[in-house]
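Per-chain numbering from 1; labels A, B, C, D, E and F assigned in written order.
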Amino acid sequence: MKKILQVIDRKHKFDEASAHCDVPCGIYDPITAQISALTVVRMVDLLNSHFEDNKETVDFANRASRLVSTKEEHAEKTKHEIRIIWGDFLKEEHFKKYPELNLIVHQIMKLGSECKQHVDRELAIELLKKVNEFAEIFWDIKGESVIIAKAPYAPNLELVYRKI
Amino acid sequence: MKKILQVIDRKHKFDEASAHCDVPCGIYDPITAQISALTVVRMVDLLNSHFEDNKETVDFANRASRLVSTKEEHAEKTKHEIRIIWGDFLKEEHFKKYPELNLIVHQIMKLGSECKQHVDRELAIELLKKVNEFAEIFWDIKGESVIIAKAPYAPNLELVYRKI
Amino acid sequence: MKKILQVIDRKHKFDEASAHCDVPCGIYDPITAQISALTVVRMVDLLNSHFEDNKETVDFANRASRLVSTKEEHAEKTKHEIRIIWGDFLKEEHFKKYPELNLIVHQIMKLGSECKQHVDRELAIELLKKVNEFAEIFWDIKGESVIIAKAPYAPNLELVYRKI
Amino acid sequence: MKKILQVIDRKHKFDEASAHCDVPCGIYDPITAQISALTVVRMVDLLNSHFEDNKETVDFANRASRLVSTKEEHAEKTKHEIRIIWGDFLKEEHFKKYPELNLIVHQIMKLGSECKQHVDRELAIELLKKVNEFAEIFWDIKGESVIIAKAPYAPNLELVYRKI
Amino acid sequence: MKKILQVIDRKHKFDEASAHCDVPCGIYDPITAQISALTVVRMVDLLNSHFEDNKETVDFANRASRLVSTKEEHAEKTKHEIRIIWGDFLKEEHFKKYPELNLIVHQIMKLGSECKQHVDRELAIELLKKVNEFAEIFWDIKGESVIIAKAPYAPNLELVYRKI
Amino acid sequence: MKKILQVIDRKHKFDEASAHCDVPCGIYDPITAQISALTVVRMVDLLNSHFEDNKETVDFANRASRLVSTKEEHAEKTKHEIRIIWGDFLKEEHFKKYPELNLIVHQIMKLGSECKQHVDRELAIELLKKVNEFAEIFWDIKGESVIIAKAPYAPNLELVYRKI
């Protein structure tokens, strides 16, 4: 009997969780993935300008190594944050309404890796673009309006923000 | 000119990388995800039998806490390992040949989270089943045969192994 | 001679970095700390309502353990993100203009730990309040206006947002 | 009285755990350490071939940095996985039956570090060889037969597999 | 009523915790931060001598990359350890008695980041000096005497030790 | 020819590294492992006294969970720090001079895991004792004298300190 109640309880919690996360806690926000994707672009820009310097110094090697690591970290974070929202918040019903959604997520994973493998502004811009597309669909599902505005920090590219 | 050569070089590396990973290094193997999913089942079993003990002792609380953490860790690892193979190795051409592939990956993400949220053998078995399905498709893409055999450790469930 | 040039170069980079981060990359945004602080409040709410349930089940212990861990993680993240902005972006000149700044940062560290140590809504609200105060000063330094609005997810408390 | 029962309970669990891990969970498998050691060889090969390219580009530095990091990560993982099996599964009785065991483990630790410190195929091959030796002893203790076969991914070196 | 008792209990624990940590556990020791700061100096020395070698080899790049990473890790650890003691152990009353304390902590954060950004012995020495100053105040608060002695490992600089 | 020189260079570095670490950097100090082992004892004490409280409150569960996690973390850290010194600093010549050394290290690994699995003061004291024995041998190899003194924080047990 206790067993049965537990199962029912679980089902109930699933419904309650239908718009929620891994806990489930309900606090999803693509802004963290967007800031990470923007940081990837920033690192590409800093790496490209850095490689115009004298490449023989120890300070050069130090900074090159740190810029690559930071790019790596934020490309990974972008992928991780999107995977959480995709796996925990998005359901099959959303894939029916937005049939391109799974492909966008897969492209973010692929572009995230390619941005690790290369120092290429076009790839990084493409990653940011896909993450912005994802954010737009996300807020549409949540019934919130969005606004497109430039980020207040370099490289000052456009992000899809929730309208406050 | 150097710029152009670099771009060509990158394109070339993409082709070379077409069956490879995040580095890309080419060493993909679903066995790590399968062992993690099996460990999730094991933790559920240990938790269920543990809760038949006296719940008042400090040793009880210590072990309960550690079993939940280990379950958490391996459910996360399952999701992470599958995401890497999906994002880095699998391409759109594979989604055409195996149209259920994206959904299987999404179900692994969803089940991974549900196995964190609950202590439920059916959910854990379902997670393992989906990871085995993924392994079967993976080895089929790689042109390798598979064999189904029981794991040599409790809970001794069947895994899809590459045939050696 | 090369040594001297390197030193000069470093000095120059320090100036350039005056509004920047650990890389320095310049992408600072208190919103991640604010979302983490809000998540701490959310975990306290979920823990409190969770403890009205039957405490004997394995699912109860599983969820209690995960809620505590998530609270822990986000309290730590709140502290870490604020420490980065404080240590890398803020300078002695800012402490002169905002003499309460160091104390606010210290209170965030202290409250972050207290929110780990307890399940107490007042403490969590106080943490969020201090992080909001920090965000307000941060955007003031950056010359950006702010707007106070409710977060679009439970517990729907007010956050200090940059005005877009 | 409760104290005494607790102590007895603990002793009992120790026996039950005699073939088990840190939880103890019983799921030990040297294959993860073997895949990591193989990945170290792979990284050495990729690094060596990479250094035949033009070393001035930013893409060169990016890839060199990532290959070194991945080598580092897998050398560490090799050491960590072997340490777990050694510390949690292996007992003094095994050291009597296999008197070279402690030395093999120490050599894996030493070689793991040397493979971090250098880019040297001979060292990496030696690490893999020692991990294979360890796997062979491990499966012998578990009463399982082994088979030696080439890995299905570059560098396609031989691994000691459990016979399925 | 239970609510009230809980609140009282919490207040009581705060007092008990007044000389304690994040748990609170009471085991604070600046020696770990001091060893980390010393390691930063060591890495700067190793990097500087390393850059006198042939820069074209793969072993050169491997070691350069690892030295930078280790410097990064220990600079971060220095900052993290000091932040814990500052946020969890130090109280407003200590800031009154040692009015320079908050500034010393801020300088450690700033110097920690600068030691990441550069390979500069003066900066690393300055970081160690500030961490030593912090240790001296810490032991003074704890009512312990200190002794200044050279570390028993390169670069054999002076550390502020608790007198045993 | 370059190849040969590289090999010679590597051999030379090995000699230079004979008393050094994973970098190799030469900064080994068992004090961090000793502080961690002491923290394990402290957590056991705090857990035991905590379980005399009312076990129904959410604050009880919160603190129990955190004490177990902290115990876990420091038991792991103890094992990790000792493994580094054993694998990177200690050589076969030391095992000849101190024939019990490998067994002490293995016991630390085993006790570290048992201290995770249980809340047992005797086990934690035994872990600390073995780590102290290790420290004594370590400083003997380094040619430094030691002094036994009580730690300046609870549980105020004796540690083997290097004589300053």
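Definition applied: a contact is a pair of C-beta atoms (placed from the backbone, for glycine too) under 8 Å apart; a residue touches a chain by one contact, two chains touch by 3 or more.
Just so we're clear, the structure is a prediction, and the values are computed from it rather than from any experiment.
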Chain E against chain C, contact positions shared by both copies (same if over half, else different): same
Fitted rotation between chain C and its twin chain D in degrees, CA, nearest 5: 180
Relative to chain F, chain with the most remote C-alpha centre: A
Most distant chain from chain C by Cα centroid: D
Interface copy of B-F among E-F, A-B or B-C, judged by whether over half of the contact pairs recur: B-C
CA centroid of chain A to CA centroid of chain F, Å: 39
Gap in Å, rounded to a whole number, between the CA centres of chain D and chain B: 20
Chain centre separation in whole Å, for chain E relative to chain A (CA means): 33
Shared interface positions of chain C, touching two or more other chains: 10, 23, 57, 59, 65-66, 69, 116-118, 120
Interchain pairs in contact, sorted by label: A-B, A-C, A-D, A-E, B-C, B-D, B-F, C-E, C-F, D-E, D-F, E-F
Partner chain A, residues of chain D touching it in the complex: 56-59, 61-63, 65-66, 69
Chain D partner contacts - residues on chain F that touch it in the complex: 10, 13-14, 17, 21-24, 79, 83, 86-88, 90, 92, 95, 102-103, 106, 109-110, 112-114, 116-118, 120
Footprint of chain D on chain B - complex, ascending: 2, 6, 9-10, 23, 25-29, 31-32, 35, 38-39, 42-43, 46, 57, 59, 66-67, 70, 142, 144, 147, 149, 151-154, 161-162, 164
For the chain F and chain B complex, residues of the former touching the latter: 47-48, 50-51, 55, 64-65, 68-69, 71-72, 116-120
